[in-house]
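Once you scroll down, you'll see the structures, which are given as C-alpha cells.
Consider the two complexes below, in which chain A is the common component and chain B and chain C are the respective partners.
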Partner chain A sequence: MNQFALEVFGAQLVNSLAIGSIYAILVVGFNLLLLIGGIFQYAYPHLVVMSMYICWLVLMATNNNRILGILAAILASIVINLATEPLFRPLVKRKASVHTFVLSLGIATIAMDVMNRMINTGRPIAFPPQFSGLQSLVKVGIVTISIGQFLTIFGSIVAMFIFIYMLYRTKQGRAFRAMAQNLFVARVLGIPITRQRILSYAIAGLLGGISAVFFAMTLGSVWSTIADILALKVLVAVLLAGMGNLKGGLISAYIIGIIEGLSLAYLPGDWTNAIVFGFVIAIVIIKPKGLFGLRA
Partner chain B sequence: MGKNNKSTLLKIDNLSISYGVVNALRNISLEINKGEIVTLIGSNGAGKSTLLGSVLAMHSVDNGEVIFCGEDITHLPTERIVASGICLLPEGRGIIPLMTVLENLLLGGYYLNKTDLEKHLKYVYERFPILKKRNKQQAGTLSGGEQQILSIGRGLMSAPKLLMMDEPSLGLAPVMVEELFKIIIDLNKEGYSILLSEQNARKALQCSHRAYLFETGNIILKGTAEEVANDPMVREAYLGMEWRKNP
Partner chain C sequence: MFIIMINFLQMTAIYILLGWGVYINYRMGQLYYGNVPMMAIGAYVSAFIVVNIGWPHWLAILIAFGVGMLISFIIALGLARAEAFGTAIATMGLLFIVQTIIRNLELVGAMYGLINIPKVSYLPLVTWATVFIVGFIIYKIDRCRLGRAMETSFVDRDLADTLGINRYWLGVFSQTFAGTIGALAGCYYAFTIAALRPDHFNFAILLRLIAFVFIGGAQTMWGVVFFTPILWGIAAFVPSEIAAWREMIFGVLLIVILLIRPEGIIDRQLIRVINNKIRQFQGREPIGL
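Let's look at the complex of A and B:
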C-alpha cells in the first residue's frame, strides 16, 4: 500500500514536471513577445494549440510520419506567429499596449472558431500512439516515466538552456535585453528594432512549436478549449513571477505545474483551477510585483 | 556663415517637426563643419533634444531635410543613420543598467565586425581605464560620473564622424562637469566633430566654436560662441542667472 502510494506520488510528480516544462516554454515565449515584441499576446497558447491541430492534420495525411509531424508543428507555429506581426505593428508603433491585448483576444477567439468549425468537426483530436509515446514506459526506481514525458522534461530544459545562452552570451541576446530595458536607447544605439521585433515573433513561434510537439506527446489528445485554459495558466505564471521577469517566469511555470499535478492527484479534481487561481489571487494581493519582482 | 560645402558635415535645412498640434521645431536650419564643436543652448523644451533626435530620424518630419556627408538622411531608418557614423549620447546618459559595462560598450559597436570591435574596445579602454577596471560590473551600479564616461566610451565604440551629446553635464557633480568638458575638448582635438546640447551655457560656450540659441522651436540667435556669449540677451538670460539654474 505504502509502495503504491509512493508510486502514485512519483508518477504525479513526473507528470507535474512535464506539464510545468510546457508552461515554462510558453511563459518564455510570452515574455519574449511582451518585452521585445511589445505586445500582450493572450492568444499565444491558442496559436500553439492551432499548431498541434496542423501537426495532427499532417500526421493524418502522411500516414503518421513523425518527422514531418514535428516539422509541421514547429513551422506552423513560426508562420502563424509571424503572420500576426503586421496586425500588431501599428498598435506597437503608437504604444497602444492595452489595444494589443484586445487584438490578441480577437485572434484567440478567431483561432478557437477555426479549430472548432474547420478541423475534425470540432471534436477532440487524438495523436497516434507512436507519436505521443504514452505507451512506451521507462521505469526508474519507483517512478514510471513515459517516453513522451521524458522527452518533454529533457527537451524543454535543453530548449531553455539554448535560449538563455542566446540571451546572455550573444550579440543577439544583448540587442534583445537592451530593447527590453530601454527601447529609446536601443534605437539610438542603432539596433534595428523593427527587425528585432519580427525576430522575437519568430523565436516565440519556434518555442511555441516545440511546446506544441511536447504537449502532444504528454497529453496524447487535444481539443480547442484547452487553449483558453493554457492561456490562463501562462498568464498566471507570468503574473506570479512579475510581468516580464524571465527567470522568475520559468520557476513559477514549474510551481504551477506541480501545484496543479499534485492537487489533481490528492484533492477533488474539479477544484484544480480554483486552487491554482486562489494561490495567484493571494500572491497578487500580498506581493503585487510578483514572487520575484520585476525584470530580474 | 560661409557656404563651404567641402567641410560641411551635417546640414539641416528648413526642418519642421510637430507633435500633434505643438510645433516642436519650426523651419530650423543649421550646419556643423568637420572638426567643430557646435553648441545648442536654450531652456528646457526649446527643441534641442528634438533636433538631435531628428538627425537620427526618431521623429516624423513635416518638412525640410537633413544632409549628412552630402547624403539626404531625413527619412532613412535610424539604424542606417547610426551605421553611417552619427552617434547620439542620450540625455540622462542612457546606459543599460542591468547589463555589464563591457556589454554596454559592445552595444555601442553593434555594427562592427569582430576585429574592429576589439580594436575600438582596446582604444576605449586605453582612453578611459576606469571602464576596463569596471568592465564586469553592472552598469547601473556605477556612479553618475562613471556612467557619463561609460556613455561617452560607448559612443566612441563606433568611431562616429559626428558625436551628438544631449545635456551631458546634467546631474553631474561640479568636479565631474569640469572633467566632462575637458574630455569634450580633448575629443575635438583628436578630430571628433561634436554637436552639443547644453543648459550649462557658460561651460558649453567656453569650449565650442559656434552656437545656436533655441527658443520654443526657433533659432533666435546664431554665430561664433563668442558672439553668442556676448549677446546682451544671452548674458542676461543664460549666463547671468546660470548659477541659480544649475546649482
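Let's look at the complex of A and C:
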C-alpha cells in the first residue's frame, strides 16, 4: 500500500513537472512582452491555443506530417504575435498600460470566437496518435512517463537555457535587459527601441509556438475554453513571482504546476483550478508585490 | 415581441449596473471585475430562497443585497491593497472559484442548476428603480469629495497619498459598492431568465461587460448608460446571422475604439462640451474646457 501511494505520488510529480514546464515557457514569453514589449498581454495563451488549432489544421491537411505540423505551430504563433504588435504600438507609446490589458481582452474575445466557430465547428480537436506523445516511454511499477511528458520536460529546459543564454551572454540580450531596466537610457545609448520591441514579440511568439507543440503532445486534445484557464494560470504564476520577475516566474510556474498536479490526484471533483486561483488570491492579498518582489 | 422587449430592457439594466461597478473602480485606477462573481452569488442566493425555501421575492432581493454586501466587503478588505493587475487577475480567479463551488454544490442543483424560478410582475419596475437610484448615487459620488479623491488617485497615486487620501478605504468602499450592486444585478438576472446554470456566469459575460464599459467610455458614468443598449441591441434585435458574430463585433469594436479614441466614445471632453451647450441654452456662463 505504501509502495503504491509512493508510485502514485511519483506519477503525479512527473505530470506536474510537465505541466509546470509548459507554464514556465509561457511565463517567460509573457514576462518578455511585459518588460520589453511594454504590454500586459492577457491574450498570449489564447494565441498559443490558436496556434495549436492551426497545427491541427495543417496535420489534417498534410496527412499527419509531424515536421510540418511543428513548423506550422511555431510559425503561426510567431505570425499571430507579430500581427498584434501594430495594435499595441500606439498604446505603448502613450504608456497606457491598463489599456493594453483591455486591448488584449479584446484580442482574447476575437481569438475565442474564431476557435469557437471557425475551426472544427467549435468541437474539441484531438491530435492524431502519431503526433501526440501519449505512448509510454518508461514504465516503473504504475509510473509511466509518456514520450510527450519526457519531451516537454527536457525540451522546455533546453529552451529555457537557450533563452537565458541569449539574455545574459549576447549583445541582443544586453539590449533587452537595458530596455527592461530603463527605457530612456536605453534610447539614449542608441538601442533601436521599436525594432527591439518587434523582436521581443517574435521571440515571445517562438516560445509560445514551442509550448504549443509540447502542450499538444502532453494533452493530446484541445478545446477553446482551455485558453481562458491557461491565461489565468500564466498570469497567476506571473503575479506569484512578482510582475516582470523572470527567474521568479520560472520557479512559480513549477510551483503552480505541482499544486495543480497534486490537487488533481488527491482531491475529488474539479477543484483543481479553484485551488490554484484561491492560492493566488491569498498571495495577492498577503503579498501584493509577489513572492520574489518586482523586477529582481 | 413584448416579452423580447421586456427581456432586452432587463438585460440592459443588469449590464448597466454591472458596468457602473467596473466604472467606479476604474475611476480610481483599479481593474475590479469582482461584480461578476458577486452577480453569480446574488443570483443563486435569491433563486435558492425563492425556489427552495419559498419566501417572497422582495425578501430574496433584500437578502441577496445583504449577502452581496457582506461577501464583497470581506473580499475587498483583502483586495483593496493590491495593484490594478493583481485585482483584475484575482477577481477573474474569483469568478472561476465561485463557478466551481456552484458546480459542486448539491444544495443549488450542482451541474443542473436551479430551474422554475417563479416570475414576478413588478420586476422591471424594481430593476429600473434600482438603476435610477444607483445612478443618482454615482452621480452624487462623482461630484463630492469622494469622487475628487478617486479622480486624484487615478491620476497620481503618490499625489493622492501626499494629499492624505486613504486609498485603502477608498478601494474598500468602491469595491464593496460594485460588489453589492453586482449581487443585486444577479438577483434580477435570476428572476428574469427563470433558470440558472453554473455556466451562465462564464468568461464571455465578463469580456462582454468590459467591451461595453470601454467602448462607451470608462471615464464617465454615461458611457455605460448609452452604449449598453446599443451594443446589447446588436445581440437582441438584428438578424441572427449577424447576431451570431456579436462577440467578434464587440472585440473588434473594443480594439478600434481603444486605438482611435482612448477614453471611449463618451469621454470627459464630450461631456464638458454638452454641459456647456446646456449652460449656453440656459443663458449661463460656460465653464472652461
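By definition in this document, the second predicted complex is superposed on the first by the 290 of 296 C-alpha atoms of A that agree within 3 Å, B and C clash if a C-alpha of one lies under 4 Å from a C-alpha of the other, contacts with A are read in each partner's own complex, and residues count from 1 in each chain.
The rule is short, and it goes like this: contacts are C-beta pairs under 8 Å (C-beta built on N, C-alpha and C of every residue); 3 or more make two chains touch, one makes a residue touch a chain.
Being a predicted model, the structure only gives us computed values, none of them experimental.
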Touched partner set for A:H99, first chain B, second chain C, both or neither: second
Which superposed partner A:A108 touches (first chain B, second chain C, both, neither): second
Partner chain(s) touched by A:V236 [first = chain B, second = chain C, both, neither]: second
Which of chain B and chain C A:V280 touches, first, second, both or neither: second
Chain B versus chain C, judged by how many residues of chain A each one touches: C
Partner chain(s) touched by A:N182 [first = chain B, second = chain C, both, neither]: first
Partner chain in contact with A:R174 - chain B first, chain C second, else both or neither: first
Partner chain(s) touched by A:F40 [first = chain B, second = chain C, both, neither]: second
Chain B versus chain C as contact partner of A:G190, first or second or both or neither: first
Chain C-touching residues of chain A, taken from the complex the two chains share: 40, 87, 90-91, 94, 96, 98-99, 101-103, 105-110, 112-114, 117, 225, 228-229, 232, 235-236, 239, 243, 269-271, 273-274, 276-278, 280-281, 284-285, 288
Of chain C, residues touching chain A in the complex: 29, 31, 78-79, 81-90, 92-94, 96-97, 100-101, 103-104, 203-204, 207, 210-211, 214, 244-245, 247-248, 250-252, 254-255, 258-259, 262
Residues of chain B defined as touching chain A within the complex: 56, 58, 77-79, 81-83, 88, 90, 94-99, 103, 106-108, 110-111, 154, 158
Residues of chain A that touch chain B when the two form their complex: 171, 174-175, 177-178, 181-182, 184-185, 187-194, 295
